[in-house]
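To keep things simple, chains are lettered A, B, C and D as they appear, and every chain counts its residues starting from 1.
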Amino acid sequence: MQLGLVGLGKMGFNMRERLREGGHEVVGFDPRPEVTDVPSLAALADALAAPRVVWVMVPSGPVTHDTIVSLAEVLGEGDLVIDGGNSRFTEDAPHAELLKAKGIGFIDAGVSGGVWGLAEGYGLMVGGDDADIERVMPIFDTLRPPGDRADGFVHAGPVGAGHFAKMVHNGVEYALMTAYGEGYELLAAEELIRDPQAVYQAWTNGTVVRSWLQQLLAKALREDPGLAEISGYTEDSGEGRWTVEEAIRLRVPVPSIAASLFARFESRQEDSPTMKAVSALRNQFGGHAVQRISKSG
Amino acid sequence: MQLGLVGLGKMGFNMRERLREGGHEVVGFDPRPEVTDVPSLAALADALAAPRVVWVMVPSGPVTHDTIVSLAEVLGEGDLVIDGGNSRFTEDAPHAELLKAKGIGFIDAGVSGGVWGLAEGYGLMVGGDDADIERVMPIFDTLRPPGDRADGFVHAGPVGAGHFAKMVHNGVEYALMTAYGEGYELLAAEELIRDPQAVYQAWTNGTVVRSWLQQLLAKALREDPGLAEISGYTEDSGEGRWTVEEAIRLRVPVPSIAASLFARFESRQEDSPTMKAVSALRNQFGGHAVQRISKSG
Amino acid sequence: MQLGLVGLGKMGFNMRERLREGGHEVVGFDPRPEVTDVPSLAALADALAAPRVVWVMVPSGPVTHDTIVSLAEVLGEGDLVIDGGNSRFTEDAPHAELLKAKGIGFIDAGVSGGVWGLAEGYGLMVGGDDADIERVMPIFDTLRPPGDRADGFVHAGPVGAGHFAKMVHNGVEYALMTAYGEGYELLAAEELIRDPQAVYQAWTNGTVVRSWLQQLLAKALREDPGLAEISGYTEDSGEGRWTVEEAIRLRVPVPSIAASLFARFESRQEDSPTMKAVSALRNQFGGHAVQRISKSG
Amino acid sequence: MQLGLVGLGKMGFNMRERLREGGHEVVGFDPRPEVTDVPSLAALADALAAPRVVWVMVPSGPVTHDTIVSLAEVLGEGDLVIDGGNSRFTEDAPHAELLKAKGIGFIDAGVSGGVWGLAEGYGLMVGGDDADIERVMPIFDTLRPPGDRADGFVHAGPVGAGHFAKMVHNGVEYALMTAYGEGYELLAAEELIRDPQAVYQAWTNGTVVRSWLQQLLAKALREDPGLAEISGYTEDSGEGRWTVEEAIRLRVPVPSIAASLFARFESRQEDSPTMKAVSALRNQFGGHAVQRISKSG
């Protein structure tokens, strides 16, 4: 089927390719002339036959919001917008409302799989009305991995449910990565273990802990044994933070997801003010030696 | 090749079957007459041609220790014992020493895969001397999953390294399970999500969080939606505790593994003394209402 | 000086008493006829000489908001409102704005001390303009504990700073209580310790861990050895949740405050869905026995 | 009464002074000639009238063990040894056994208070037989803070109970320090807060979180606003590690003490291997930019 696709970055570019390989007609828009198919959102709307379907795949937050506001202007009655970015699920209902005022439908779609999705397919979690989702199913079926639809696609609930499920997915992802990281650190710290890389490789088949992320870590360790070339400084993209915030709202204890989020915050600190305070306290009550900051350094 | 196998429980029984299917001659011993091939350890030793290889697959701790002590009596110069149970790695060097005094070799083998190993193969992490391990390689190659040896088998280092790697494997396993558990709880708590089961099913393909454990949780949720029939009461078998203890020895921070371990302890408490104290404190300073234990109940 | 006081609950009632003992003229309003001095907010405004100062001490959230909206109607140019409740600091700027439109000033005041404040004085953290705070200083000086003003009172910053400081105070309080709770649980679990109560009593003097909360826990343990009469079920009043949320906004790792918050959530669960999932997983991969929910029970 | 005191370091030196001020006759031994009263342990034994009481106040571990072994040689029937250091409680029973073979009694004493104990008195937690403890009570009564004996002294149970109680005391201390550290970091991160130091000062009186440690942190912040001169690098002296290990043995969940311990481990890492693995994973699946280690640096 025909699809407009706004945003041809790392994700959108690959999705256009996978969709075209699947036989769909994709008209892509991106501000970068070297990748775009049309010069503007208005041109995108013109290039599509009504009723149109436009998939938005741009950074979450203001860029997504502005894109949806702009689409509300160039699209019309009967058209449909899909937000496939990592928007916070609380933004979906307002976006659906805003578009509904123009007779435009809305679906929120969580898309997982990263750069590997092009070849392997994307895990999809969507929220919206049955009819809207039914209409876009040929697109979803091409994007998702081959096999049973239920294994790589879910209509999770009404508008917002797709992004909520994707947010939780990413929260779980944070915790899984920390788990594998802790395991690696333990193996690397114990002198009996000759080669932590080989252990991670051996875990890729037959073990209880095998997983896609586990395979990727084995690969990363093969490519850079000891991870000598990579810093522990780790960004976070919003969804880990939102997961803990929603957990608080829902009164769900999430110690492992929260620990993973805090570990990222810590990874970006030069020195920990909390630990400076602890160190100062030890010095106060016990006369314990503390490390002074060198003035000359 | 020929192998003696002591312990024909959940794991050993299946391993005997997989090894026999692989063309090996396995003589099994177990105290239960209905599963054993020979009536005693002495009979096991008699039934094997020297130099013998005997795989011990019994509960870790005293039972493993006693079995190894008994084997030291019935085996002799040039024989080899493999401890495939979940022994603490610190017990391996003493066991190797004890056997070495009789000229008997020792390998520690961590075996992962649970009840699925029979069909899919077992992930193996072994410790010991190169020559000993080379000698048993036909057995390892049959037990491990098909494919590249390095993907399901590792000679992790000297005696102790196999069980250390397996201990870390199980520590990571604890944390992975908690991560998926927290994700499930979040999905189940949010009313937008129509069916947490369907989300877990959809994560099995294409997503970043897909894994063998994730598939198993999806299966468990299909079989018992809402997990209505299962209690959160969760045992722990030693390796999670040891992982945190070794982390402390190695000064490795393991917040997510520790959180997972503590969550198991909590799951087995009727009421938390820590929280009784917190509740008592709130009552003391704030006059906050607290829940009194009913006397009549 | 003269002060209007709205809200004569557990906190407000005691504060009125302490202020009157300190020589101030307090006109209190509360919907409950048995404690109120005036029948309505309008009557309260009438009873005070302009320029008036009115202290609001009502439940945070909608009740505080509605009270401030109502005060904006009955107060006027030059008057001053103090929100002494546990409002989220993000609500302070809007309230200040709303009042400013009528020429009314605003101070946010965090008040600590619970039921003990009447006798010992209240720890005060306030936010607002210098001039406004100077004006109310006689009230603050009576409410706070005797001694150096800087030891029990702080002008923490502009509007919002007082409630922010109080929120952090309460977040820290959560973590302190958990720390003492964990210590109690350890003492109670170890059979060498004859009487955990006596240990807590002995910590009240001379030790590094001595504190006001520690004394209160010793008192609670004296009154109810073993805490047999109290349940671990523990409410949370908002500020612990907000502290973790603000920590996320500020990218501050707060593992111990978050652990304390999650422990409260857990204390209110019949069974943990996270642990049900973990238990289900163990059953799936290991054939481990799990506790089934009794149907007949 | 007369007392031998072995170890005149930071703690022992002050204790000798406090005991002498209390009217006791203290004979101190220390390898450093400038502080010792006698040249050797043998001379110490000679200087004391039988039956002797000798207080050992040396670093825990091998030094304490060797000291007790040496004392077993120079003391005799009816004498009594007190281990006042931070020994692991599991070492107490063997030490008691070893001394008992010579007819020498043993008390384990946990001593809290740090450098402040000289002036304020030391919190004491002791383990041993009633008769032994009764015999040393005049010493305990001088060392402990003035006031009710039960407020600064506890006979916690048989041999080992004193050090167990002290170990838990220090575990709680770790968690309290982290709690105050997190609070400080939050205040310092929020721009509304003009002066985190002033907030900590204001918490010293009237608030729920006031404590001795809290006062010390306020003092440290006064002396070094922003803690600019102190590094977060923080050692740990054993008791935090032991507390978590004992918690695991006793199946007591201690998330806040464990988090505090792990934070110390982290404070001593240049970069976190766990976070290097997480960073590597993000790079693998998402093509996320990572910080490379500079080669030229």
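By our rule, contacts are C-beta pairs under 8 Å (C-beta built on N, C-alpha and C of every residue); 3 or more make two chains touch, one makes a residue touch a chain.
In UniProt terms, the chains line up like this: A, B, C, D = 6-phosphogluconate dehydrogenase (Decarboxylating).
Treat the numbers as computed from the prediction; the structure is a model and nothing was measured.
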Trace the shortest sequence of touching chains from subunit B to subunit D and report its length in steps. 1
Can you tell me which chain lies farthest from subunit A, using the average of the Cα atoms as each chain's centre? D
Ranking A-B and A-D by C-beta pairs in contact puts on top A-B
Between subunit A and subunit B, what is the separation of their C-alpha centroids in Å? 32
Rounded to the nearest whole Å, what is the centre-to-centre distance of subunit A and subunit C, using the mean of the C-alpha atoms as each centre? 37
So how far apart, in whole Å, are subunit A and subunit D when each is placed at the average of its C-alpha atoms? 46
Multi-chain contacts in subunit D: which residues touch at least two other chains? 114, 178, 180, 182, 185, 189, 208, 212-213, 251-255, 259-260, 262-263, 266, 272, 274, 285
The subunit A residues in contact with subunit C across the complex are 208, 241, 244-245, 248, 251-255, 258-259, 261-263, 265-266, 268, 272, 274, 285
Subunit C to subunit B touching residues, read off their complex: 10, 114-116, 177-178, 180-182, 184-185, 188-189, 212-213, 216-217, 219-221, 224, 227-235, 255, 259-260, 263-264, 266-267, 271-288, 290-293
For a test of understanding, state which residues of subunit C touch subunit D in their complex under the given definition. 89, 112-114, 117, 120-125, 127, 144-145, 147-148, 150-158, 160-161, 164-165, 168-173, 175-176, 178-180, 182-183, 185-187, 189-190, 192-195, 198-199, 201-214, 243, 246-247, 250-257, 259-260, 262-263
